[in-house]
Amino acid sequence: MTSIGTGYDLTNSVFSPDGRNFQVEYAVKAVENGGTSIGIRCKDGVVLAVEKIITSKLLKVGANKRIATIDRHVGAVSSGLVPDGRHFVSRARDEAASWRSTYKTPITTKDLASRMGGYLQAYTLYSSVRPFGITAIVAGWDSELELPVDGQVGSGPSIGSGGKVEGKTYGGPGLYMIEPSGMYWGYYGAATGKGRQTAKAELEKLDLAALKLSLQDGVKEAARIIYVAHADNKDKEFELEMTWISNIDGPTKGRHQEVPKDILEEAENLAKKYLEGEDDEETKDDDKPAEGDKMEE
Amino acid sequence: MNHLPQAWGRPRDDIYGAYDSSYLQSHGPNQHTQQPIVTGTSVVALKFKDGVIIAADNLASYGSLARFTDVKRLRTFADTSVVGFGGDVSDMQYLDRLLNSLDTEEAYSSSGHTLNAQNLHTYLSKVFYKRRSDFNPLWNQILVAGLDGESKPFLASADLLGTTFSSPSLATGFGAHLAQPLLRKVAPDEEAAAKLSKEQALEAVKESMKVLFYRDARSLDNYSIAVITKDGIDLKENEKLEKQSWAFADQIRGYGTQIN
Amino acid sequence: MAAMFSQNPLMNGPNYSFSQAPTTAGDGFKQHSFYPYTDNGGSTLAISGNDFSIIAGDTRSTSGYSINTRYAPKVFKIGGTTSSQDDATLVLSVVGFAADGEALKERLDTIVKMYRYQHGKPMSVKACAQRLSTILYGKRFFPYYVTAILGGLDEEGKGAVYSYDPVGSYEREQCRAAGAAASLIMPFLDNQVNFKNQYMPGSGEGHALQEREKIPLPKNEVEDLVKDAFDSAVERHIEVGDGLQILIITKDGIEEKYLPLKRD
Amino acid sequence: MEFGTSGSLNEGALADGIHVDMDRLKKGEVKTTTGAYIANRVTDKLTQVHDTIWCCRSGSAADTQAVADIVHYQLGMYATANNRPPTTQTAAAMFQELCYENKDRLSAGLIIAGWDERHGGQVYSIPLGGSLHKQSYAIGGSGSTYIYGYCDSNWKEGMDEEAAVNFVKGALREAIKWDGSSGGVIRMVVLTKKGANRHLYLPDTDYAVRHQ
């Protein structure tokens, strides 16, 4: 880590001789000691989950939400400085609302990620501001239906329009992760925060690219991965918060909503059982992990 | 020759004459005085035991021309309320978009939907009143039907001036003159409305739509109707008017003596 | 509908809400523009007594010849700390253009609530009266098209009634009728509350004739006067009827009564 | 004030099993008049706002040109910024925003028709007040009042390109016949996956032959 003591790391926007913006790298440090948050892209929906470290016994269980609704079909979660996360959410909501007022149609997850990436990147160009201390995961479901213009009346021919290009599908799940530098990519599975390494390892095992994982299983996997990732944070209590977005035929009908209590608890119990299974794996026979595997396919 | 910068690149007044700025608006508040162009006619609604029934035909007129016959003038909000729009269709569409953003803001809070029909009515009436006070009105009269804070049937009206009122039965436009008397026979007051069955209420509303089709020259025999109860909204958007009676026409003859 | 009758002098009574002055064709073409007002009819009345004030209003709302609803209250409790306004001490009645009335009520209620938070005590009727005047005059050039009446108890616990014109000129009075049937009710009040044109029989000839002695009226008598006033107004004015809302302010609080009126 | 008729139509065809790439046919009548004098007897009121999104202008020429120019710019920016072509909905949404927000300063009646990959052919009409109506076919301008009957009876769902062209041509011929402010050549643009394909029919051949 050359150039540490040489003053190149004191102001934002300044490049060190080896081309690094240290303020951004320090921002990533802030992200790394935040609670773990993950996103999983399933074939019929997307899941967001976060490991909320309980900082005080006085906090009301289930009250302090960290996963936010950006637009009806898009949710976002972030790890790192919570206030920066809230600012991110507020700006994302404005971007989604402004797109909707201009184009009278919901913003696609890709376009939202692009706008937020640009926004975060701006904070690395000037020394009068500091970069965002968060990495955000933005998940959405772009409608597979042909949406009318907001407010439009009338419907065109009952047999639908002619001349559509055959064989193309539209809409579907979107999962993007945006870093303090403003860099973002689309992912099948994304993880950030303290337990991101463990989480990413678990996500890779799921072979998400095959697009076989169903939303229902995705929710179970997300709970399990948060619990496994929590191992890096063993000394602190945590609370699991999960949200999901399904396609139009699924449980949330295209809208970003909290995972219902019963489904959340079921996933949590499975996750806990999985962890116990993993602890006595060395001593007992291997039926428990099999149960773990079953859950994975 | 005028060398001042303001005159650069402008046609010379002495050759082309001074600029005629009569159409430019130079005085008073920015006048938005407008008039409704594409319009919807009456909206009719009636409270009953378990909720409210609201109906409106599917016509948008362009003056006297029955131009658009597939315009749905009932809009649901958050599966709890229905807003029926009379008056200018372009303003109806603006309000539709406004309700979309209101619905999105509702989704921001994790506690989900908190706005009942009464809150929606209050919100919309203040939107109307603000626009009216800016002399840039939303040229509509709307009925908001649904349930209030205590899940009791709620029905109220709001219009371009911001005037609001609530009653067991309501009707806008022509309906205020033709439908209200019929509905008031069935539900003269809150107690009577609270005893009405869904079937009785449906009958009264459908009867009103028929009478309006007879007498309102800007109406259509194809309408939408919604029944709102605590179990949700049952919205039908392509109902055909039935049981019309025109046969008595053969008893009527025109002016002057004629053989048959 | 209204235009049909507006030319007929008989129908064109002193202050029917829908009587528009015949538009002079003189100024050439008439520019169809947006008119921000309407009149929703109805009437209100306030009488103050020794230790009480009564503010009443009918609950009918009209536009032109149509009844919008039979129940639209025009009399509001002001300045209570809860949505039920149980601990309110002031009452406002508004009549005329209902949307402006609603807006005015909301503004005054907010201001009186703020006063109570900031000063730790309810606003006096005198202070509120002046504050209402400034609110109305604030829109001097785009007025609230309502006649407002404010009721309460003064510092000595006596009934207080303040009445206003649409742009804020105000005055404390013994009693005041406002709205569509004001011209019918006010004379009745002059005679029955302030005993105008009433003389002690046989008390003298010509100028020596003694006027009837003014005595503060008891509450129940005033309530009866209010009912009679509205019953007669309903008979002769089509915009008044359906229901009578009465608020009675005493040191023990505000009592609300609702009685039916003729619905024709 | 510019007069004329314009009509456009949205069609899809499944003639005997082969799916014909159908288009949206839109055309504008060509006669512009200020009063009785015909200022331009061959005006082109078909205006392009994007590759396969066109609009028919009626009402004040200045207003509709200004609005079309703005939308043309906005759609170009959209395509560049989002590196995908705009849909007809996007164009309709932009047109409506301009016409609705300035309804008291504009006299612009517009018909927007376009083809895009996802939605195929679509027609939207925006009358004077700035409301937005999706339709199977739309007609506008001074001559349109004469052809409501013709269009209502002759329009069929699922027409192929040829039938659609004849329907539209037939409609405009009637408008030209009855409306003094409509006449001259008939211009059409056929919008399909292949792009925007102009047609021109002249009174010389009684509009029978497509002028090449």
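Letters A, B, C and D name the chains as they come in the text, with residue numbers starting at 1 for each one.
One rule holds for everything that comes next: a residue touches a chain if its C-beta (ideal position, glycine included) is under 8 Å from a C-beta of that chain, and two chains touch if they have at least 3 such contacts.
The UniProt protein names, listed by chain, are A = Proteasome subunit alpha type; B = Proteasome subunit beta; C = Proteasome subunit beta type-6; D = proteasome endopeptidase complex.
Here the structure is a predicted model, which means the values were calculated and not measured.
Counting C-beta pairs in contact, the chain pair with the highest total is A-D. Ranked by how close its mean Cα position lies to the mean of all protein Cα atoms, the top chain is B. Centroid distances built from C-alpha atoms place C farthest away from subunit A (Proteasome subunit alpha type).
Centre-to-centre, using mean CA coordinates, subunit A (Proteasome subunit alpha type) is 45 Å away from subunit D. Work out the mean CA point of subunit C and of subunit D, and you get 59 Å between them. In whole angstrom, the spacing between the mean C-alpha positions of subunit B (Proteasome subunit beta) and subunit D is 30. Multi-chain contact residues of subunit B (Proteasome subunit beta), defined as those touching 2 or more other chains: 31-34, 60, 68, 71, 89, 93-94.
Annotation for subunit D: residues touching 2 or more other chains are 96, 131-133, 135.
An unclassified topology is adopted by the chain contact network, corresponding to no line, ring, star or complete arrangement.
Interface note: chains touch in the pairs A-B, A-D, B-C, B-D. On the side of subunit C, the complex with subunit B (Proteasome subunit beta) involves touching residues 1, 31-34, 36-38, 40, 61, 63, 66-72, 97-99, 102-103, 142. Within the complex formed with subunit A (Proteasome subunit alpha type), the residues of subunit B (Proteasome subunit beta) that make contact are 60, 68, 70-72, 89, 93-94, 96-97, 100-101, 103-104, 107-108, 110. Those residues of subunit B (Proteasome subunit beta) whose C-beta lies close enough to touch subunit C in the complex are 31-35, 125, 129, 132-133, 135, 137, 157, 161-167, 170, 176-177, 180, 189-190. Within the complex formed with subunit A (Proteasome subunit alpha type), the subunit D residues making contact are 10-13, 19-24, 78, 82, 89-90, 92-94, 96-97, 115, 117-124, 131-136, 157-158, 192-193. Subunit D meets subunit B (Proteasome subunit beta) in the complex at residues 96, 100, 103-104, 127-133, 135, 145, 148.
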